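Let me begin by presenting the structure, written as structure tokens, before commenting on it.
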Amino acid sequence: MKEIIPELKIEHIKRLAAGGNRADGRSLGQFREMSIERDVIGTAEGSARVKLGKTDILVGVKIELGAPYPNHPDEGMLKTTLELRQIAHHSFDPGQMKNRAIELSRVVDRGVRESRMIDMKKLCIEPGKKVWMVYLDIQVLDYDGNLFDAATIGSIATLTGARVPASAFGLGEDFPLPLSEMPISTTFVKIDGHIMLDPTATEEAVADARLTVTMDSQGNLRAMQKGLSGAFYYEEITTAIENSIKTGNSIREIIRSG
Amino acid sequence: MKEIIPELKIEHIKRLAAGGNRADGRSLGQFREMSIERDVIGTAEGSARVKLGKTDILVGVKIELGAPYPNHPDEGMLKTTLELRQIAHHSFDPGQMKNRAIELSRVVDRGVRESRMIDMKKLCIEPGKKVWMVYLDIQVLDYDGNLFDAATIGSIATLTGARVPASAFGLGEDFPLPLSEMPISTTFVKIDGHIMLDPTATEEAVADARLTVTMDSQGNLRAMQKGLSGAFYYEEITTAIENSIKTGNSIREIIRSG
Amino acid sequence: MKEIIPELKIEHIKRLAAGGNRADGRSLGQFREMSIERDVIGTAEGSARVKLGKTDILVGVKIELGAPYPNHPDEGMLKTTLELRQIAHHSFDPGQMKNRAIELSRVVDRGVRESRMIDMKKLCIEPGKKVWMVYLDIQVLDYDGNLFDAATIGSIATLTGARVPASAFGLGEDFPLPLSEMPISTTFVKIDGHIMLDPTATEEAVADARLTVTMDSQGNLRAMQKGLSGAFYYEEITTAIENSIKTGNSIREIIRSG
Amino acid sequence: MEDIKLIDDEGKRKDGRAPDDLRDIRIKAGVLQNADGSAYIEWGKNKIMVGVYGPREVFPKHLQRPDRAIVQVNYSMSAFSVDQRKKPGQGRRENEISKIISEALEKIIISNQFPRTSIDVFIEVLEASAGTRCAGLTAASVALADAGIPIIDLVPSCAAGKIDGQIVLDLDKIEDNIGEADLPVGYVPKTGEVVLLQMDGHFTPEEFEKAFGMAKEACLHIHKLQREALIARYPLEAGDENDGENADGNVDDNRGASQ
Amino acid sequence: MEDIKLIDDEGKRKDGRAPDDLRDIRIKAGVLQNADGSAYIEWGKNKIMVGVYGPREVFPKHLQRPDRAIVQVNYSMSAFSVDQRKKPGQGRRENEISKIISEALEKIIISNQFPRTSIDVFIEVLEASAGTRCAGLTAASVALADAGIPIIDLVPSCAAGKIDGQIVLDLDKIEDNIGEADLPVGYVPKTGEVVLLQMDGHFTPEEFEKAFGMAKEACLHIHKLQREALIARYPLEAGDENDGENADGNVDDNRGASQ
Amino acid sequence: MEDIKLIDDEGKRKDGRAPDDLRDIRIKAGVLQNADGSAYIEWGKNKIMVGVYGPREVFPKHLQRPDRAIVQVNYSMSAFSVDQRKKPGQGRRENEISKIISEALEKIIISNQFPRTSIDVFIEVLEASAGTRCAGLTAASVALADAGIPIIDLVPSCAAGKIDGQIVLDLDKIEDNIGEADLPVGYVPKTGEVVLLQMDGHFTPEEFEKAFGMAKEACLHIHKLQREALIARYPLEAGDENDGENADGNVDDNRGASQ
């Protein structure tokens, strides 16, 4: 559900873009200021609040016991859920946002999963019977664009600080989630032929196309997703990948130091 | 979903109330005539049809085997369901009545549960594995106000006459539900500052606020629920409690003799 | 959801019917040309594509392991599902088609079930624990009337060619579904007092009443279903039964030779 | 289960009925206050309440028919109406029965008098014991008449079936469970039309003929019970009761009286 | 569980509180960008975010009221807000709480100024630890004021209860789980009206009186915290703060300033 | 599973293909009667039917766009299309694929010719064997052309991936299950634009470049198959077939012929 943006505002954003500028003063390839606050929710096994510009997201992880999938009997499970509830934006009508929320959660999930960030085999307690279930729940409190990256960053920050509550189930001491990689997504939009990193809500509403690139700490691609009804040229994609390597490293620094 | 009531009728009801009178000739604190017919449904383990004025409610209980909640492994379970189906009133559109039906069933359930009427531990057969599940289903056939009390009274009458079908499962002889208390709810509305017991549909449609008081046979409070967008003063609440003790005792008499 | 048919077309169909004729040149009691193609879906344990005039239906059966119903512990299970998806006709709005799809699938299911076509007891592996579940799924690709018969014929053709995938579960060699009967349904509509076999979409839209007769290979009745808001006289029903015996035998020939 | 004998050596069924006996049927019209028309039926152990509302404006509008009323039947089983508790919400069986009863009633309602409206029929099965769709349709047409909705005729409905190889009327629960065939019929006495017909099980064409005939005869008897229920509800017209030819006319007259 | 002592020999509760002590409460107004008004409350371990949108046109239209605004509250628990993960989607408990908070707010909103509109209140429970409905209602009325919606008064809300046979204020999680009674109250200081009242457990009438009085006193205290939160949000009016009599007027003035 | 070799010592994949070989692809246009346009594709073991309806008025109206048509894609897996039966109803995966194919098609449809309308595309996966989103998009644009809906170009789509550390084209089911990366691409030959792009697994930037190039080349080949399918459907224009430059013009001409 694109928001309706007045024609004048659209023209303004396009004119700025033509000169390499943006309404909030950033350069086209620049990420917004970001803050990460961890362990904000006592009932969660890990949590993080991410503010990316005015976008405000809260992520919590619950880790519980469950039965594994029959075709992966020796692996823990990851379930990622994101809800776009109306508190975050007046246009977030639950029915109409369903498709968008599903895509968002699946792209976040794919980044975590495909990077093999979590060692799922270490979350198996008894093969075929009992494994740790990792429920990653993402809640959007305030929306000003780029939920893809805010949600991924919040998820990564949450997972890196999470502890498996083994002692509560008489299964030894609590331990940190067994993690290796730290995937980071970066999202770009295309407006009038100009590629912009980390779009605001207004930029998203004007954008022709969207591209999310999720990379690992080695600079390798782990997931990509093109969205919206516009298109990209190949060169635009490779340029985005280059930016993504650089930006991803900065973001990783913020998470590690957070 | 309040019914639309003509302005003239509203004025009439308010004028009557100002003089301490009601459209059906009752005094403000008077309960309507009530009849209770028990064991009306052969397929149920207990049942009762309650007619409270023109309000007509049928309650049935089914008692089946099931697994207990993990956090209450040695207790049977109670599930209370109430449906406001359109046969009872033309305004009972299923979608719009959902909230009202949920509140009703939860208030009835709370009265039964909080009074510890049913000794849930006696409904455990094998801790953690097998318990008796008590399904209390309330069906409204005709609506003329005060579903809260009609549903509670019908439920109490049903439960007091219900038998656990142990023999059908090879678990010994059938036995009555293990009961102690007999909670009764009384519901009041406030119209133009006047408190009325046991409102009719028209009175409910005109009412500013509603208060349900559920008391046990010792004259103690077990559950309360304020409803509608009006308010009560403290003195109105205590007056309602006093009336509730008296009215509850009369109703208990009717149930016992029924 | 009847399609809206122009008045002129309705008159045309009725005039033709009065002379014993139909728009596509058939006689009133004549079935359309039909083709059956089997084993068209590699992932299914059996499948058939049936083209009945321009009606085009794909049926697939999946056979999986499951637990039996508690009240039939020594029998396999049959679940029949039919979806009227919008690809088949522009009027097939999912919400509005629900009732029609349920009736269709239940009538098909009843024909298969009541003829005791499948020997359900032979699908029991371990009584009370493990049985074969037969999932019959019917998909309509193109709609030009008489989905009842096309779906039944497609289902029968699918079941007669299906194999139980025992080897995949280490339960011995694959084997054909244990079948005896071959029920066939024939569907008639009544237009202006004239009974027509195998109606097209246009004829269905004009029809007053519908009658489906499902018979076994011995010429005995196994299931019937009257539909639409018209009515039949008794003589019309017995005439339909007579036609059904004859037509059913021809269809069985086509299935056997297919 | 197959060795249970449903008919004894003297030709009696387990509840003592002869093959062509109906279970006891009691019908009462006008039993609810809010509904525009209503009827309650006890048929054997079946207990069913029917309420009718309408004609009233159709919502949503795209369901409106410019030339006639639509008939919307909601057949619903109470949670406690069956041996094993039924979960709330309309299941597939209830959905199908709602549809076929709706289609049967559409045939008898003179629906072109009320274009763009809906006539809503709520059939609440409070206790079920085989034959609820016939009992529900039987009571529904009484409730329609009670609501003053013009109908061609009351529709009685009854099933015939086969047990122990023999054609019998009106299967009860055990007969329905282990019997060989069931044939519910809705029949309009005035026109001789069949407005509801289903069948499952195993009938030779000859058995079908016999079963149908038995169900039809029962419908004629039930039709009398329906009329008596309406007469009891509107006793002012009781004098007309003997005039069988005007039975349907009476129904219309009753309507006038009830408005 | 019954032999856990919730009050020690010195009259202290497990977290050290006296019987009539509240848990720590912190309220912040104006914490979201998109919402027309918002508030965040930490109450003990409860963490709740409230956003208000409106007045805005009601959709679907049949919910519109020609004479006033409707108030739609959505109280929702985050999946991670409780010990055992809550599945997404509104459950029956959330539905009921949404309804009673909605009814409480309708009483204080001067809703006839905005006919045909809706005022939507989203209460997101981020961490739950007993008393969320009171904390949610308390924060919601602050968020309404922050949105500039005219209200009669702020509504503070607090529960009293019974543990170890003694009446205490503001049950925490363990007290709520194994305590004997709970009485959440929403109270309008300006009018003395009770706009939210529920109770479950076991109270004698005398215990009810004591518990109600304790909850009411607490509400008066919480009312101050609510006003302080709004004053902190709109510091230009900070000078008016000492004038208690005009507190509600200040809220309205703040509204003007925030628009 | 990791020790299964997907490429043998001679560089052949398990089904005998070279790394840059496509599976067999057959496309047929105009295969349904009721749909305004349709196409059937077999791609390896994938079998997919696509039907297009529209442009037609949008319902509900608030989805209408005053300046253009909207494109609504419904990608759906048949219950029997996979090894373990899929339950009816659209799952989250189907929902996402519907969305990305819809967005890809919106780019090629000249949608401003049909304001306030909807173009509905139904993609029915009858048998699935890896690569259904590419096959579905490929067939969908053929069905759009068959429906006479003006498009900029046909969109071919194909995935490249990585197995045994090597970049290969068009993963089949086992390669998709245990391979290391997958990159589905939808490419518009006329403009060089990428309208569908997803990726998961592990690619170095260099591997991505190679995989993308391989997918793009395959798209150019598939584009020919799409045009041939349309030419076979509308043989009157067969003479134009050799004129590659006018391929897209042909599509438009075909449209005229089919109306």
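Letters A, B, C, D, E and F mark the chains as written, and numbering starts fresh at 1 in each.
The rule is short, and it goes like this: a residue touches a chain if its C-beta (ideal position, glycine included) is under 8 Å from a C-beta of that chain, and two chains touch if they have at least 3 such contacts.
Only a predicted model underlies this, so the values are computations on that prediction, with no experimental measurement involved.
Least step count on the touch graph, subunit A to subunit C: 2. The chains that touch both subunit B and subunit D are none; no such chain exists.
Using CA-based centroids throughout, the chain positioned farthest away from subunit F is B. For the pair subunit D and subunit F, the distance between C-alpha centroids works out to 54 Å. Distance between subunit B and subunit C, defined via averaged C-alpha coordinates, is recorded as 48 Å.
For subunit C, no residue reaches two or more other chains under the stated contact definition.
Multi-chain contact residues of subunit E, defined as those touching 2 or more other chains: none present. If touching chains are joined by edges, the resulting network of the protein chains shown is one closed cycle, each chain touching exactly two neighbours.
Read around the assembly ring beginning with subunit C and moving next to subunit D, the chains appear as C, D, B, E, A, F. Those residues of subunit C that touch subunit D in the complex are listed here as 98-99, 102-103, 105-106, 110, 113-114, 211, 216, 219-234, 237-238, 241, 245. The residues of subunit F lying in touch with subunit A in their complex are 71, 92-93, 95-96, 98-100, 102-104, 106-107, 181, 183, 188, 191-205, 208-209, 212, 216. Looking at the complex, you find that subunit F touches subunit C at residues 32-35, 45, 47, 49-51, 53, 56, 74, 76, 78-85, 88, 120, 122, 124, 126-129. In the complex of the two chains, the subunit B residues touching subunit D come out as 40-44, 47, 54, 56, 58, 60-62, 64, 81, 83, 85-90, 135, 137, 139, 141-144.
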